[in-house]
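We call the chains A, B and C, going by the order they appear; numbering starts again at 1 in every chain.
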């Protein structure tokens, strides 16, 4: 499935680069948008699913939920990395600065830290039951942290008006751009599902190997 | 009119290269981990 | 309800007494806080940057770092004495257990903050004046927030190999909303701004406390039980 998604990604590339018009004010770099936004969406999706799976795990104690949460977290890190690299690369030519503490970037940065903390904790705990429980707690707490980060950034922004910057996303997108964006988002989501399935499969295989090791 | 457009194609290339490197790299790492477990058994 | 509360207070009292006997967590945190303040003082150029602009951030970064040191030491001391296992065997409701730990940690961190604040006033020549009750208030609000999350995370971290590293890695993202709110309110208090300018942040702090204390109380069982 991932191979299909990767082919889809190649298709997106063609679309983004050839089909959509070059945005007059921002030039070619604006097209990074077609990668950055879907990646951000996938990272957010991955994270929300980790949180939901964590909550369900603490309620139902189904190991599959824990395995899924771990897989989603790892894949989320990958998408988060894409977003955190394409973001500044996009920002530099458009806004003139590599970084800005706006809501989206700040939130993703925090998601990234939370993912990393989650995975670090999993790596540091050996007992599978304990690992599942601890990660689930972090997953839920993390999910609930997100609205507070959002609120903090919002309060900060309304009190500290931003300097006048070039607004990168026009409120109304021409249809070609919108279509490309949607296709790209779809492809990225398929890629997310594919990567999570592969990672989940890996988790199953690793667990089976560990059990047979212990059985010997 | 074409001359008004900022020449920032370099950034585009950078982003479009880095993104698949990360994603494909991750997928490759997953496959390698899978085969590593397979070899151990 | 009162039964749980009494249990929590009893647990807290036991922890506080143990700490008062050894004093390791308290002293290391206080010394650490003083060091941080001294470094901040030497790190800036007083002619370029007036103290009052930087003061709230300095104060809160110091509080945050000292809290992490205190939390780490507190759980380590307990792990060395194996006190937690005994408590777990008894049918103590886990919420009360968390409450007790939280109160004890609040007492530790609160003491560190109470000692650090005068040092801060001294080193930075800040005029607290009428802002003092407000500063105490916002300190309580923010501290409850990050100590509650810190308590549950230190309970987890202590069971991992790299406990001293794991706690900050997990905790720091969670400290950001209370810290940001606290710095915003503190700077407005020091500048003598009216209450209306701080309400948004105060509400954020209060909401954070309610949400996370509740959540951590409920989640504590998952951390300490099999």
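Basically, a contact is a pair of C-beta atoms (placed from the backbone, for glycine too) under 8 Å apart; a residue touches a chain by one contact, two chains touch by 3 or more.
Quick caveat, the model's predicted, so the values are computed rather than measured.
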| Common contacts of chain A and chain B? | none
| request: Taking the mean of all protein CA atoms as the centre, name the chain whose own CA mean is closest to it. | output: A
| query | Compared with chain B, which chain's mean CA position is the farthest off? | reply | C
| note | So, in whole Å, the Cα centroid of chain A is separated from that of chain B by 15
| remark: Chain centres from averaged Cα atoms put chain A and chain C apart, in whole Å, by 31
| remark: Cα centre of chain B to Cα centre of chain C, whole Å, reads 42
| field | List of chain A residues in touch with chain B within their complex | value | 2, 6, 9, 13, 17, 22, 24-29, 31-32, 35-36, 39, 75, 78-79, 81-82, 85-86, 89-90, 92-93, 191, 195, 198-199, 201-202, 205-206, 209, 212
| task | Name, in rising order, each residue of chain B that touches chain A in their complex. | result | 1, 4-9, 11-12, 14-16, 18-20, 22-24, 26-27, 30-31, 33-34, 37-38, 40-41
| request: State the interface residues of chain C toward chain A in the complex, per the touch definition above. | output: 149, 152-153, 156, 159-162, 166, 169-170, 172-174, 176-177, 180-181, 184, 200-201, 204, 207-208, 211-212, 215-216, 219, 222-223, 226
| task | Sort out for me which residues of chain A touch chain C in the complex. | result | 58, 110, 113-114, 116-117, 120-121, 124-125, 129-130, 133-134, 136-138, 140-142, 144-145, 148-149, 151-152, 155-156, 159
